[in-house]
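Letters are used for the chains, namely A, B, C, D and E, taken in the order the chains are written, and counting of residues starts over at 1 for each.
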Amino acid sequence: MMVAALHTTASWYLALGAVLFTIGTVGLLVRRNPLVMLMCVELMLNAVNLTFVALARHLNDVSGQTVVFFVLVVAAAEVVVGLGIIVAILRRKPGATADDIALMKG
Amino acid sequence: MLSVVWLIPALPLAGFVLILLFGRRLGEPRAGWLATATVTGSFVVSAGVFFDLLSRSADERQVVHTLFQWVPVGGLRVDLGFLADPLSITMALFVTGVGALIHLYAVGYMHGDANFSKFFLYMNLFAFSMLMLVLGDNLLVTFLGWEGVGTCSYFLIAFWFTRDTAARAAKKAFVTNRVGDWGFMIAMFLTWSAVGSLNYVDVLGKADSLSHSTATAIALLLFLGACGKSAQLPLYVWLPDAMEGPTPVSALIHAATMVTAGVYLMCRVNPILAEAKGALTVIAIVGAVTALFAATCAVAQNDIKRVLAYSTISQLGYMFLAVGSGAYVAAVFHMVTHAFFKALMFLGAGSVIHGTHDEQDMRRMGALRKLMPVTAVTFIIGWLAIAGVPPFAGFWSKDEILLHAWDKSPALWAIGLVTALLTAYYMSRQVFMVFYGDARWGDENRPHGEKPHESPWIMLTPLVVLAGLSIVGGGLNLPFTSSTKLLDRWLEPVFGDRLAVSSFGPGGKWALAILATLAGLAGIAVAYAVYLRKRVKAFEPEILARAWGVDDAYSAFVGGPGRRSFLAVEWFDRTIIDGAVNGAGAIAKGAGTGLRRLQTGYVRNYALGIAVGAVALLAWFISRGAW
Amino acid sequence: MILGVFKGPAIQWWALTPILVLLGGALVLMVGAVLRPKLFPRGAYAAFTCLIALATVTLGFFLWHDIGEHGARSLLGGALGFDRFSVFFTIAIASAVFLTALVADDYLRREDLDGCEVYALLLLTAVGGIVMASANDLIVLFLGLETLSIALYILAGSHARRLQSRESALKYFVLGGFSSAFFLYGVALTYGATGTTNLVKIQDFLQANVLLENGLLLAGLALMLVGLGFKVAAVPFHTWSPDVYEGAPSPVTGFMASAAKAAGFAGLLRVFVVCFATYASDWRPAVFVLAVLTLVVGAVLAVVQTNVKRMLAYSSISHAGFILVAVQAASPEGTAAALFYLLAYTFLVVGTFAVVTLVARRGDAAYSLDDFRGLGRRRPVLALVFALLLLSQAGVPLTSGFLAKFEVISAAVDRQSYALAIIAMLSAVIAAYLYLRITVSMFLADPADDNTAPISVPASAGFAIAIAAAFTIVAGVAPSVVLDAARHAVPILTATP
Amino acid sequence: MDHSTLGFPILTVLVLLPAAGALVVALLPSARADLVRLIGVMFSVTAGALSVWLLGAYATGGDGGFQFVSKHLWIGALGVSWHLGVDGISLFLVVLSGILFPIALLGARPHQDEKAFTAWLLLLEAGIMGSFLSLDLFVFFVFFEIVLVPMYFLIGGWGYDKRVYAAVKFFLFTMAGSAFMLVGVLATVLLYRAHSGILTFDLVEIATKGDFATSTGRWLFLSFAVAFAVKVPLFPLHTWLPDAHTEAPTAGSVILAGVMLKLGTYGFLRFGLYLFPEAARWFAPTLVTLGVIGIVYGAICAAMQHDLKRLVAYSSVAHLGFIVMGTFAMTTQSMSGGVLQMINHGVTTGGLFLIVGMISERRHTREISQLKGIQKPAPIFAACFMVLALSSIGVPGLNGFVGEFLVLIGSFVTYRWWTVVAATGVILAALYLLWAYQRVFHGEPDEANAHFPEMTWSEGLVMLPLVGLIVFSGVFPKPMLDRIQPSVKQLIAHVEEKTGYHQPEVAAGGNP
Amino acid sequence: MDVVVFVVAAAIVLVGAVGVVLRGNPVHAALSLVMTLFGVAVLFVAEDAHFLAAVQVIVYAGAIVVLFLFVIMLLGVDRSEDLRVEPLKGQRPAAALAGLALLALVLVPILRGHKVITGVHSSSALLRDSSDDTNVVRLSRSLFSDYVFAFEVTSVLLVIAVIGAVLMARRPPKDTSS
């Protein structure tokens, strides 16, 4: 009954987005595999998408959803290029983690 | 004739310029003759001016002649001008007179020196400066001369510059003098700020409007300058060392003329001194103490010129004693007579040095009177004059000083009397060691073993003239009647009622004069006993030879704490100030090196940086929220 | 039925010509190269790119006058702002493309990398930059940012044989993606707070409403600042830039430092200074801190480098700090100062990296300070021009760099930010040390003995350097035209008329 | 007032001519060293001749205002005008620059790369002329800063062992000072705009019409003062100077000491006092104190140096202390003396650096302990050094004395005890210079110094004008004072009018 | 009902996300990502974003993740990453701290209730109204009016992606120097 009385509000979604965003952030910070790091970026973008969609609904505004469409395209492009770069670099240094790629510093 | 007063300094200046331009071409001896001629010319002009002044009534004997504006700025107007009055012309006369003789002497003395013309270059420049000092119509022109003579003194002491001692002595002389000059400068500033002018006419005319403290300050500061120039305690230390210069220089600069500039200055500003009685006392005490102090030092010197140097200091002390006692005329009188006999003795000493092939140690002289008769006779005349034996010139002037010293304070008189005794003693010692006794100059230490010889006529002529003057010089101001006090009357416009008048009657005067004479004779007698008869062992303690260690103490101070404090400042500059600058650079670099470590090259570290930055920004913005 | 109701926005083709020309140029390059790769003579790609860039610049001048006559407006349903601000950046970015293409021509052939892709990417990057500078909508801004960034990731990694180049691409990419996510999240929160992503509407909304609950908006601002701060390499979001600048091919580095930075600042100026002017009291202190950090850290770190490219990277950070000072002023004067600075810096930095490109010689690896030793003797003119560019960056008068700093300080002082002005100037002094170090190496140190590889100055790169130097001096001695332009180029947010 | 009296803009020409010369020289082929020299000398001599002509054409007896004024809009957007003018304060500095540059060029030729050397030197001349002539804050700042570049290259390129360190230190130190000034300039201009509505950098307009709040004015003054104090250099901001002077090539040292340091003291007069009289008065005790410290401190440091050139460099610290003191004692005498001292110091110290350069040229060392007895093989050389040293010591009859004396006597009425301390500087000056002279020139020369070459004719010809100036302005400074004084009086009147200050009667010419 | 959907979907999302972070094997991480993406798609549906939910599944889960897996296999980097070690000292605690702070700071405004969403309700591009336009229609109307330029810019992005992929993937020409 308690559950039935409750209704989800935008805040729930926003909070979920925030958590997801944070997980993505932390993931990028702690994972060494560049591919997984890229996935973490995707998590962050998804968190944003979730936020946009929730807000669009709350504001009764479709443009929030339109934005998500663009984010999807950007994410796709990023992944393509990012994977290209990772491929290019891992071909030269097979099995390298992000920590191994530190020729330049200081 | 008064309108050409500028010629007096201009002639030596012209000589200077000519020798500067053509000195090498002129060569020896023409450069010397030229120099002598210019100074002689100045003497003639001075004499002309003197007679011109003499022909005027007493209150018109003060003429200012301005050449051009020198430093005119705002309320400060300093002209390059000359003041011809009895005092300055007196000075000019004996400066040029004695100067001309010494120039003449030097033509002979400097014979063969590689830098013959340069010597006369400096000498002429000196004569010019000295005349500027004397004739300047304001403190600044006097200061110009004052520094000029100091500079020439520097050049001439260091004339034989390859000797390290000469070089050191020259520098010491200049720097020591500068200490005094500092006082002179401050005195000028104070004068101007109080009176608004530096001209003697204005300043001295308004002297009575000065407050007591200002007048005292000016007087003491000027006296500090005088102490430097006239080698009084505590700034006397340069003069004995200055004997490194050629002997004509010692005679001209360090005996007859330049060193008396201090006395001249004090006389010149006597209206200010009159407003500062305390300063007068200080001057008298310093003079008396210096006189005694230097006389004790002279007792134990073995260098023929150093004896004379200490003697000069001592005699200058007398003059300041006179100034301090208000006996300005006596000071001037003694200055003139001293110029005669001290120049004479220096030149005589020079003749001896010349004749003994540059020997200066009296212990290696003796019995020279037969080999150098003219030198010996003239030197003896000088000796008698300085010893205060009547009727030689020194007797009269010294007597007059002692007379006034008694009025100032019997203690000062007593010091003067003891000094007179010592003076007679050490001068006799010198005469005996040089001209009498055994000949000590032929020993094995002298490889040449050449016999001493008499100097050429060109050197002897000045000796003879000066000897004559030393004999009759006292005639300038014989104390018998007011009409015989020529100098008193002549200088009356300068000193007016500020001149001290002796409180003694004729009887008292005679008594004092006899006492002084007896003191002089006693000194001679003791010396005779010690140095000729050898009855008594000579009293020449090391401490006196080292002048009570004053010079050593100064050196110890300058070389010790002085040098250390300078080094400390230099260290401070290098380490602290420059260190701070370089430290700032090092901090920047250090910060860079430190921050570099954050730039690890690891992309995850970078991402962490971004995340932390994002958190910080979020924190700031959230904190700004309107809740 | 649906189609009947729908009516798309009017399209002002004329105002879009710069973007279209650049885009068309890129496509022609790609298609042409794919179809007939052997047909083109040496340097044809570069020449074509230059032509396109020049055309863009020329169009920019026409559009500038157009706006003068008809006023600023907004295009395509409010997606793009068409004002002198955007035209100013169009010209600046296209100039950077022009110079970079000149420099790249010889470089790519020297390094056996010749191909149309780099040029096409240059043009596309420029499109991204111009979109960013013109964006009137946060989403358009984001897309411009991504266009720019993604193209630059590739360009940075385009030197196939240098692992450093690949590494720089990876670092740039990972961090770029990371920070864009922040930016986008910021956009999302702002959207929630204002109900729109359109800058004009946001401005209107903020002017009309006082938010009682503005947490969402402030968080959005913070996160957008992260994204833009990353793009302009503001400390602490700068960490990528030394590594990327070092690793990227030198002409690309110059391009990044000029065009990309300019675009980033364009976004910052339009969004923060204009759109969020009502929140200036909240973001100005933050930018103040960023500016100080950027100035000082950039300068201080530059000083301890021995690799010239890294030095210049850090110096570029310090320059960003200066421009942040202008942003912090949050005034039309500040914006004008930033614009002047960016234009001046564009020429300076492209010219500077052009020289670095030449000195790096074949292999693109000779960057150490020692590699510059004796340049003054062996290549006196090149060294002198390099010195001019460096001294201008140090802020020596009669060069554009001085006036740029002058304008910035002026703006800061005008807002009574005296402390910031002094910090900025002092950090300029620290930074000056690094420029001096390079000149010392070139002129004052003895040339290294083993350093015998000759440095050739190809005509195209020489031309680019000459243009950069000429602009540096002209804008330093007679800056009135540029100054006036910068003053007239303050962004205006206008709804579609 | 414009340049119509001469028919052509002489001041602009004075600035641009050397710059054009630098350009021409830069375009010559570097193999033609003879041509480079000829052209370089031609340009600098022409500029020098023009400056002397300016001196002749300068009208005396006026109110001390600016003459030959030329004013053209330069950067309209900023309110910057190319505004040049000369008055009694800057006149002689311009002439000094005009004279010293040919001397430096002729008297201290470089060993290598004559072309670049000449070009930098000419560029430097343009910058310095511009600094002294500009009456626009922006233009002044531009020139004030730009001079760093040629000087940096001159020190770094043709200097001695530690030249790079010295050059960088010089550049950064000075630039750090200017950093404050730039902020100050802008604040001044913008505050003036806030109060008058006009955006202008015009010095005269801001100085006469500007009205800054007391504390604002003080801050602004301080920001200018830092830059000038570094340039002067004033204790404790002086440590760039010994390094820069010592490591610079001779020509660089001559110019550095001769004219560049004066940018600081000149700046104090022209910008500090003129723009912010109230603040200048408020800061005066501090600055006078620093000046006095500099006098004594510089002298003590000079006395302890082992390097002859460094010694002369520190002597500059002391001398410039006098100038600062005179400037801020704010009496007609002290300020006129300060201005005069700028010229004197330029001539004297410039000459000293030339001659020290000749020594190190001959002996390849400047260590005092390595030199001995030079007067014996080279008496004329020694005499030249002596004259310069005496001038530096401040012996009356030579130029150094007049300036020093005026500074001291003028300062005495407003800063009595400071002056008493400052006057000890004259003792110390004698100490360090004569001590150095003694060690270098006196004594019996050792093997290394016995064949020290005597001064050559060409060197003598270079020194001659300096020595001539030293004597002339020591004996007859009136022509200079007549031109300096009205401008100084006007400046003091400006201060008096703005602040209610009254210089003591005795200084102004009334009764004490 | 909606609460249940939300809770379940959110759980899926979070478990997937945590999986991405904590699964050492990149293949597992990719599969966890798919899980998250599906969860998000479900939430999209719950939030009236039907079209996006479809695209999410097709593009993201379908294309992107496949691409990931493809690259993992291509490069053979499917070795497990040992998550017990952290070579960078302090990275993990700092990351955790930063994450927590970030979350906290973002949640502060979000959790203050729905009033925090201060934006105005749309007046022109409504998500729901009385008309029976589908989500796709509304979305496309918005896409081709207000966002038509953005839409075109995405094409540029894709062009770049193509060029980039080509440039990156191409083997470099023979290195003459090595």
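Following the convention adopted for this analysis, a residue touches a chain if its C-beta (ideal position, glycine included) is under 8 Å from a C-beta of that chain, and two chains touch if they have at least 3 such contacts.
Bear in mind the structure is a predicted one, so any value in this text is a computation, not a measurement.
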Problem set entry | Touching both chain D and chain E (chains) | B, C
For this session: Please indicate the chain closest to the centre of the assembly, with centres calculated from CA atoms only.
Result: D
Exercise. How many Å are there between the centre of chain A and the centre of chain B, using C-alpha atoms for each centre?
Worked result: 96
Seminar exercise, completed: Per the C-alpha centroid definition, the whole-Å distance linking chain A and chain C comes out as 27
Problem set entry | Euclidean distance of C-alpha centroids - chain A vs chain E, Å | 4
Seminar exercise, completed: Per the C-alpha means, the centres of chain B and chain C lie apart by a whole-Å value of 78
Exercise. Where does chain D touch two or more other chains at once, residue-wise?
Worked result: 172
Problem set entry | Shared-contact residues (touching 2 or more other chains) in chain E | 88, 91, 94-95, 98-99, 102, 105-106, 108-110, 116-117, 119-122, 141, 146-147, 150, 154, 157, 160-161, 164, 167-168
Exercise. On chain A, where are the residues touching two or more other chains?
Worked result: 14, 21, 24-25, 28-30, 32, 38, 55, 58-59, 61, 63-64, 70, 74, 77, 81, 84-86, 88, 98-99, 101-106
Seminar exercise, completed: Here the pairs of chains that touch are A-B, A-C, A-E, B-C, B-D, B-E, C-D, C-E
For this session: Going by the contact rule at the top, pick out the chain B residues touching chain D in the complex.
Result: 68-76, 115, 118, 140, 143-144, 146-148, 151, 154, 158, 161-164, 166-168, 170-171, 174-175, 178-179, 181-182, 185-186, 188-190, 192-196, 566-567, 569-570, 573, 577-578, 580-581, 585
Exercise. Across the complex, what residues on chain A touch chain C?
Worked result: 14, 17, 21, 24-25, 28, 34, 37-38, 41, 44-45, 47-48, 51-52, 55, 58-59, 61, 63-64, 67, 70-71, 74, 77-78, 81-82, 84-86, 88-89, 92-93, 98, 101-106
Exercise. Taking the complex as given, what residues does chain C use to touch chain E?
Worked result: 2, 6-9, 23, 26-27, 30, 75-80, 112-113, 117-118, 120-121, 124, 127-128, 131, 137, 139-140, 143-144, 146-147, 150-151, 153-154, 157-158, 160-161, 169, 189, 191-196, 198, 205, 209, 211-219, 362-363
Problem set entry | Residue ranges of chain B in contact with chain E within the complex | 600, 602, 604-605, 608, 611-612, 614-615, 618-619, 622, 625
Exercise. Which residues, counting only chain E, touch chain B once they are in their complex?
Worked result: 88, 91, 94-95, 98-99, 101-102, 105-106, 108-109
